[in-house]
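Okay, so subunit A shows up in both of these, paired with subunit B first and subunit C after.
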Partner chain A sequence: MDQRQANSLIMTVNEKKFIESALLSDIRVDGRRPFDYRNLTIRFGSEDGSSEVQLGHTQVIGFVSAQLIQPYRDRPTEGTFAIYIEFSPMADPSFEAGRPGETAVELGQIVDRGLRESRAIDTESLCVVAGKLVWSIRIDLHIIDNGGNLVDAANIAALAALSTFRRPECTFGGEDGQEVIVNPPDLWEPLPLIIHHLPVAVTFGFIGKENNVVIDPTHYEEAVMGGSMTATLNTNGDICAIQKAGGDGVLQSVIMQCLRIASVKAGDITSKIKNAGSIDVAKYHMERLTLGSDVSTAGHSNMEIGSQSNERDETNKKNTTAKGFSGRPASWDPYSRGVDGDALKASLASRVTAPPDKHIKSSRQVKADVAKSSQRSSDTNSFQEAKKIGLQTDESKTLKDAVKPRQKRRINKSTSNSAAT
Partner chain B sequence: MEAKPSSNLSSKFVDQVVVPGDVILDLSSMANQTIKLGGGLRQDGDSISVMKAGTLRFTKPNKYWVESSHKRYVPCAGDNVLGVVVDTKPENFLVDIRGPALAFLPVLAFEGGTRRNIPKFEVGTLLYVRVVNANTGMNPELSCMDASGKAAEYGVLKEGYMFESSTGLSRMLLSSPPYPVLEALGKKLSFEIAVGINGCFWVNASQSSTVILVGNAIQKSESLSMVQQKIYLEKLLKSIQ
Partner chain C sequence: MEYVNPEGLRLDGRRPMEMRQLRAEIGAVSGADGSAMFEMGNTKVIAAVYGPREVQHRSQMVNDKALIRCEYTMANFSTGDRTRKPKGDRRSTEISLVIRQTMEACILTHLMPRSQIDIFVQVLQADGGTRSACINAATLALADAGIPMRDLVTSCSSGYLNSTPLLDLNYVEDSAGGPDVTVGILPKLDKVTLLQMDAKLPMDIFENVMQLATEGCKAVANYIREVLIQNTKQLEHRRGV
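Up next is the complex of A and B:
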């Protein structure tokens, strides 16, 4: 009885009164205004599909893995995905090891609903053999520090991990051509998941009787708030999910205001995830090159995801790539050997080079920044030549050819903009 | 805590970093004198050895203790702490002082306290109390009076907000000469502050923004050096003007 009382957060009456009275003057205990988010940091691990998100004091680790399984009977051509949440006891004194409690299950359901109902992950592309083998994606989220607002942080960790995850490429082989061979990642370039949009969760807390609304509550505010609402939306203006489980009643006008604010915040967070992801993609490519492997189609498909973002994102990337670079160039990585310029040029000289310039321009912007900061400007040219080669070998693919012409036009616009400025 | 004969020489480890197992005093070579041992020290027969890693401190005439900075507080007799009432029993209030166990505050431990005027504290009341005794394994005992039986600033803290810090920061806030951050803030702003050695402090002012400013400034200043603190405070106070 003693221990369990000591484990839960005991709030003084002073704190509750103070939080409410401070909100009347539009200020919160950590100095934020009611609709300010805390600092968001997104980092990626060394493995594909691992992410670490820090939102103020809250820390969440996400990890994505994939496995081949038999599909469900009623959906023979779709892959599956599942979310597993673990509340580590080191995050909060009230978390206990073992089976997830009520809040953990609810958190998992919010993140799952945001991804599943809105069909953010393309499950049809996960099919290998219809009715027999599909990819099953498993998203593990570990809460390692509870500073409040676990839902948003866990959602961002899941999205970041999904966007950097690469699954192995499968080919048919064997004697009769019916056997499925899962190709190891060091021989065949692994493929990213097809993610149509990023559903971002934004949580609001309702404190006090006058319906004071705060965004991104800390765990002190969570202890005093009367109710909370989580809205999951994307930058296309779709509301993917809303969760308001019990708590104080809220006026309809307040809900509409919250949704409007949430869409603005979702845009910010989406661009942060994409920026962090594009820097990781750049580092990923530098590493693939330095390991001496053939640059293949995956390079092109990654740039596809990057270039599908609208022009605003592209200028954001130009401006913020250098600043947002989290300081992980391959130069200090003890396992990267660095690009051997001469050997690379010799191997490239034996190939045909007739590059589509539009793709190069966008890649050059991102790669140039990265190359500068890792002090390998001499290798930039050979790097770009290698990119051209990568883009060449995808002529045989079918889906991408269909999509290409539209992209060329988009990138034409952005490069003409950059040329004009 | 314990009295034992000692000599005039203070230990050569004073103001140095010590780790558990270090013997700081050998009593066999000392004359009839009393020394007082504070937190982090233990008597093993004739030698005084260290239990907690930290810096060894000494004040005249004869008090030794080990200072270290943690987020978790280990109760020690004589400390002034902030506590939150968790439960009420017929004989005691159960108070959380952020230590390993809940502490007991007897209902009569108030100035002029009798069975007829027992104070009524609701759950969540913030109190400034003194630790009377804290033996390992037992719940610590508290009191709202000083040693002579007067109220002396102990009791309920109303309004304001309680901020968390570490035990090291609390000690710095209570040190004399006064903590430079407190001095600088006190020159420009008027506020009330109560510091508990158990890693929390309470701030109250007429405006909520002042409370938030003072609390966050103190919390942030813990990891800054003297020079950085000065710069940070200058910028902060300028932005208020």
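Up next is the complex of A and C:
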């Protein structure tokens, strides 16, 4: 029951009056009109299912991961999903580390209600073996910066992350054909989630007594407003959820007007999410195409390296390491927005030798080192067997096959590596 | 499953626009400053109000207003299966927040600075519409405690099943997966203070469903006013007036 948090924003009377009187002339403190949204930027990370959303000063990072679990007894053919929101203390002085406060729980409930009750994610398609194995989707949202209106930003981050998430394909195999094999993403194209519609949240703030309504309130407006309403809608004209948890009373006509405005804004935001998503999909396909030319030679080593899994069974894009071997200057960098000048110079100087070297040095995942990776492969194999259901057992054979042709290059690299590191 | 049969009767024999039977009792908890018990059909809740009193945690004191605290709990035996954690889980936290903010909007907090008003609501029997019953019970308890309010707050829920708007859903209708709209209004001012909806609903149908819930709230408000008048008459009688 924590009510006032120690460092929450306290507004002076002057600031309150300033915001209210500015609204009487239809102007807001940051220059927007009452029904204008702030700038929305949606970016995607290097891994499938990660997104970063910036709405004005508010920043939220979303991440989607999947795991195979046993389904609930009363829903044996449906997968599950859960939303976890973390209010990082760096976002706002009033956020405290540890147990989520009331606002965090409310935020989680709003995003969850928008997705779950409206059946935006198709959970039946997540079923692998009815009654035994289903995919459990976990959506993690981290609030990085609180500039106001966390609900909308968190919702967009969740939707963006879900639309770019790819889950591994499962096939049946093994001796009796009953074992479920989770195919690594480099061999089998991972599948996107089936999302029926995008429920977008639009938040309104009610400031002052004259029923002044603003959309997308900033941090300061939130401290001044008497009540707020969040409407989650999709572009099919359906209202997925509404949350107006107390606060100042408003007329029914005002509520209906807000809903009509919200449906227009939801259309804008949906198209932004889809555009950003399609650009990312195009990039993804391009990267996989460039990978395709290397698959014949480096495909097996990719698979081995690609099948190293983290504890959360993320579907990482391991093809980035393969590109390091291909020797192309710009395409190996997972963060293709920033190519360090040294790498570019080195690659221009010597096309074949330098890029993998630079890649090894600058990459976080030092997987290009085959000696290390062969060690890791045995570790990860046992790790995977503990974690996953069944694995293809011919991996060790193919690793040896893959290593041999590369060995000549690797020896040179390892010496230069040891010299460098 | 058929929630409205061809004759137009629901599973419990009600008509689509019919509310469940209401029953309220003031003074259920003798030790509290104000208390009430509210029943909507089979849903039964008790609310107790303590305040205005001294703020227990000095750090939380607000200098110009009263601090409102609210706790919503469900008794273990309130639902069909015995629940494990009656409070502290996400749903209870959210409903506590919702009730607190709803009551905060109608209590004249600026008249009682540096004090604290506690509202405790406990669900004894849950058969759908617990949120609404809790708000109605809290209103009665606050009135019984003599806390100054702008207006009563009454709440009612409605849904949409088998293409019919239904008023005051019970548990079976609520868990059908259709939309569930909970509305809380200030009846005299005719303003909506609480509005919650889950599950998909097209916008034009939503307006009808919300209108239906608002009518339900007004009916509850009439009943609550009657109960309060009866209570006052009884108090007059006891004082020998």
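One rule holds for everything that comes next: the second predicted complex is superposed on the first by the 287 of 421 C-alpha atoms of A that agree within 3 Å, B and C clash if a C-alpha of one lies under 4 Å from a C-alpha of the other, contacts with A are read in each partner's own complex, and residues count from 1 in each chain.
One rule holds for everything that comes next: a residue touches a chain if its C-beta (ideal position, glycine included) is under 8 Å from a C-beta of that chain, and two chains touch if they have at least 3 such contacts.
Predicted, not measured: the structure shown is a model, and the values here were computed from it.
Taken together through their common subunit A, the two structures put subunit B and subunit C side by side without a clash.
In the superposition on chain A, contact is made by A:I27 with subunit B only, not with subunit C. By the touch criterion defined above, A:D238 reaches subunit C but does not reach subunit B.
After overlaying the two complexes on the shared chain, residue contacts for A:M229 are found with subunit C alone; subunit B is out of touch.
Of the two partner chains placed by superposition, A:A97 touches none, neither subunit B nor subunit C. Of the two partner chains, subunit C is the only one that A:G246 touches; subunit B does not reach it.
By the touch criterion defined above, A:R113 reaches subunit C but does not reach subunit B.
When the two complexes are overlaid, the chain among subunit B and subunit C that reaches more residues of subunit A is C.
Of the two partner chains placed by the overlay, only subunit B lies in contact with A:E15; subunit C stays clear of it.
Our summary of the superposed model lists a minimum C-alpha distance of 8 Å between subunit B and subunit C.
Residues 6 of subunit A contact both subunit B in one complex and subunit C in the other. Subunit A contributes residues 1, 3-4, 6, 102, 105-106, 108-109, 113, 117-119, 226-227, 229, 233-234, 237-252, 255-256, 259-260, 263 to its touches with subunit C in the complex. Across the complex, subunit A is touched by residues 59-60, 62, 67, 69-71, 90-91, 93-94, 96-105, 177, 179, 181, 184-186, 189-203, 206-207, 210-211, 214 of subunit C. The touching residues of subunit B, counted against subunit A in their complex, run 84, 86-87, 94, 96, 100-102, 122, 124-126, 139, 157-162, 202, 207-209, 211-213, 215-216.
If you check the complex, the residues on subunit A that touch subunit B are 2, 5-6, 10-18, 21-22, 25, 27-31.
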